[in-house]
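A, B, C and D are the chain letters, set down in written order, and residue numbers restart from 1 in every chain.
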Amino acid sequence: MNKIYRDAAAALDGLFFDGMTIMAGGFGLCGIPENLIGALRDSGVRDLTVISNNAGVDDFGLGLLLQTRQIKKMVSSYVGENKTFERQYLNNELELEFNPQGTLAERIRAGGAGIPGFYTKTGVGTLIAEGKEHKDFSGETYIMETGLKADLSLVKAWKADTEGNLIYRKTARNFNPMMATAGKVTVAEVEEIVEKGALDPDCIHTPGIFVQRLIKGAVYEKRIEQRTTRKKEAV
Amino acid sequence: MNKIYRDAAAALDGLFFDGMTIMAGGFGLCGIPENLIGALRDSGVRDLTVISNNAGVDDFGLGLLLQTRQIKKMVSSYVGENKTFERQYLNNELELEFNPQGTLAERIRAGGAGIPGFYTKTGVGTLIAEGKEHKDFSGETYIMETGLKADLSLVKAWKADTEGNLIYRKTARNFNPMMATAGKVTVAEVEEIVEKGALDPDCIHTPGIFVQRLIKGAVYEKRIEQRTTRKKEAV
Amino acid sequence: MPWTRDDMAERAAKELKDGFYVNLGIGIPTLVANYIPDGIDVTLQSENGMLGMGPFPYEDEVDADLINAGKQTITELNRTSYFSSADSFAMIRGGHIDLSILGAMEVAENGDLANWMIPGKMVKGMGGAMDLVAGVKRVVVIMDHTNKAGESKFKQACTLPLTGTDVVDMLITDLGVFERNGSGAFMLTELAPDVTVDEVKAKTEAAIEVGNHLS
Amino acid sequence: MPWTRDDMAERAAKELKDGFYVNLGIGIPTLVANYIPDGIDVTLQSENGMLGMGPFPYEDEVDADLINAGKQTITELNRTSYFSSADSFAMIRGGHIDLSILGAMEVAENGDLANWMIPGKMVKGMGGAMDLVAGVKRVVVIMDHTNKAGESKFKQACTLPLTGTDVVDMLITDLGVFERNGSGAFMLTELAPDVTVDEVKAKTEAAIEVGNHLS
């Protein structure tokens, strides 16, 4: 079974439909599937519900899909970096569901793991808890959160082998591993595809079973949001 | 903060009390904390509840603690390899709580992750579901399982650095990573302790935050239960 | 002539499709790996934490850190990945495994399965069986059609404690193959050589349908 | 003379103990890393998936794959490990982080915290704040005692939407330190230089106790 596709457009061919739910990996602009997002924009698919921790910036990442108004609803934990988002949201052109970051991460893991609901202390007594089932365990109150799945998950890894086994690099891992498990179809883009056996089997972050399609991204801009450095002291 | 102890007895010093709950990693005899189990036996601590997928064999692994009758109750998924277990159980000298293997693994992960309860389809309509809360999600019935914690977790890894970061080897990983997260105190034994920085930070299975005490095991027997081989064909 | 263990395993192997991720239970299901059809590439999962299980090792390859769910020494392949038990069962429970082939003590006409416990006997435990039948996309059971006393193990209702309810999608016995669509009735679709529909009916307590091509 | 941002960060750093695993919020809490006392070894967690966060990189070390929860480029140390967001928040929610130091908009006398949302303004999101206050063993808040209009931000009850209820264990403002045992009342335990108890009381809407050594 060949999982490797020529490019992002080919890898996504036949997977789109208007109104679908898509998960996209990344934290800020770190570890986002840039090439797949580009192809998603080019496809013109509309009315998307996008589950992603953030919404990119105005002209990069998921911000591209906001500019084209392909997104109907975002499920995120923080969207502060994106002015297009703010404008569309304040004009009621965009729905928004905030999730605490850890709750979002765990909901996605649960979705991929066949767990339809779990209890957490996060958000008890806040707006997040409204309308959710409350239950006491050992005298403490928890709220129930549900598992999340998607029609399509787009993830970015560092390297893949031809089986679709993935490894991520540093903090570019973030939401990608869980999202890979929670998509009905998962498409991965990587910086390098290596032969079978070239990755250490003890260090594979996402086993190939979770990856249906795979590309080597054409270009990686890997834009940095907050380039913060220190000066070298004179010797 | 030095986490490294001289030997198993030193690493466990002060952690025992009668009636405590202990998690012990391993699947069958693969990846079990042999040295720590030995020190646990030597300590003479009694009335233990032991959470471990299996119960060892008669004269190795947790079987050693059954021989000395230190175990009051086992929480396991399969105990078929141990005759001492069978005898004590049939004589009502031992309590037993069976959990489906995946439910056990997830309960331990949940315990370590601050999740007091979650829903699963595993066991619905079986003895396992009796007395458990049932809930429907999207028209399917699930049962609630609770998170598990322990007073002490004993885990076996392959290598550690001096910070307590752990990596496991092949299928010896099994229950160890979750148990490391679910113990109030976690003591790890490894085959080799390396300097800080010697492990690839992208490939650490258990971050050091979960490991309070650490030893290099004195001896590893690593007994094999089913030595199954094939013959080399003559050339 | 009823099917042998190997015949049943070979028949079960025909359920494998190219690219499948498969979990094989202990016993006869293990034999299925010997009959994977040419041109079909499947990846075997072992629920103790491995995807891409290889064959038994040569003497000089035996590794105590590398065993399958039956605690047998095995080998890795160039596609292998290892993971924790929690991740392994997340994979199973999340519906990512295409096919599980399991043994059984009893199968009922409604798809119920019993394969872990005989009351009054020492109980060894269900291991991963309940998780597998609840989570895997398709469950194929291989078992002898009758017990040693000649009584049907394919029953109206299971008499032994259940492993799962309405979980069996296909049953392969030494007498034939019984297929099931969703939660419908089992239909006899294949017969072992020289076995007749009447013989199957006589030895089956479960209510079954018979494929048109056989009746 | 009220404390400066750096004074508050330095005071918060005294809450660090050797061997602690610590999560520092964005803003003033980030400065705490500059004041870690000698002989105290702490490991910083970044909730986007890193334990063992190092300082900002030199120009030639900048790596787009290595950022903290504030999306700033950072470096790794020889103790660093990386993990997924799910594993990161399992670590947080499971109570494994010893201390979190956070900024706030309001703190209430019952330990409630508001730091993510001002109704009517664009809402950016809570990020990981709700998870941190619910999960971390001890939560220390650093904030200015009053807003620009001179109104107390340390209140009887929060007026803004909450981040968590009964979660603050210690509050450090520019005027002093307020400590709390369990779910009890906050007690003023330290004063910034030349700040008086009366001044603190005048600027504090919350009901507080005053340490014996100060009254």
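Couple of notes before you dig in:
We take it that contacts are C-beta pairs under 8 Å (C-beta built on N, C-alpha and C of every residue); 3 or more make two chains touch, one makes a residue touch a chain.
Remember, predicted model here, so these are calculated numbers, not experimental data.
Note on connectivity: the fewest steps through touching chains from subunit B to subunit C is 1. Farthest from subunit D in terms of Cα centroid separation is C. Counting C-beta pairs in contact across A-D and across B-D gives the higher total for A-D.
Between the CA-based centres of subunit A and subunit D the separation comes to 28 Å, rounded to the whole angstrom.
One simple way to say how far apart two chains are is to compare their mean CA positions; for subunit C and subunit D this gives 55 Å. Here the spacing of subunit B and subunit D, counted between their Cα centres, is 36 Å. Centre-to-centre spacing of subunit A and subunit B amounts to 33 Å, using the average Cα coordinate of each chain. Shared interface positions of subunit C, i.e. residues touching 2 or more other chains, are given as 76, 82-83, 89-90, 92-93, 135. Within subunit A, the positions touching two or more other chains are listed as 106, 109, 113-115, 120-121, 168-170, 173, 201-202. Contacting chain pairs in the structure are A-B, A-C, A-D, B-C, B-D.
Residues 1, 109, 111-115, 161, 163, 165, 181, 196-197, 201-202, 204, 207-210 of subunit B touch subunit D in their complex.
On subunit A, the positions that touch subunit D within their shared complex are 27-31, 53, 76-81, 86, 89-90, 98, 100-106, 108-109, 120-128, 158, 168-178, 205, 222-232.
The touching residues of subunit A, counted against subunit B in their complex, run 106, 110, 113-121, 135, 137-138, 140, 142, 146, 167-170, 173, 200-203.
Across the interface of their complex, subunit B is touched by residues 18-19, 21, 41, 43, 45, 51-52, 76, 78-83, 89-91, 93-97, 135 of subunit D. Of all residues in subunit C, those touching subunit B in their complex are 46-50, 55-59, 61-74, 76, 82-86, 88-90, 92-93, 112, 117, 122-131, 134-135, 161-166.
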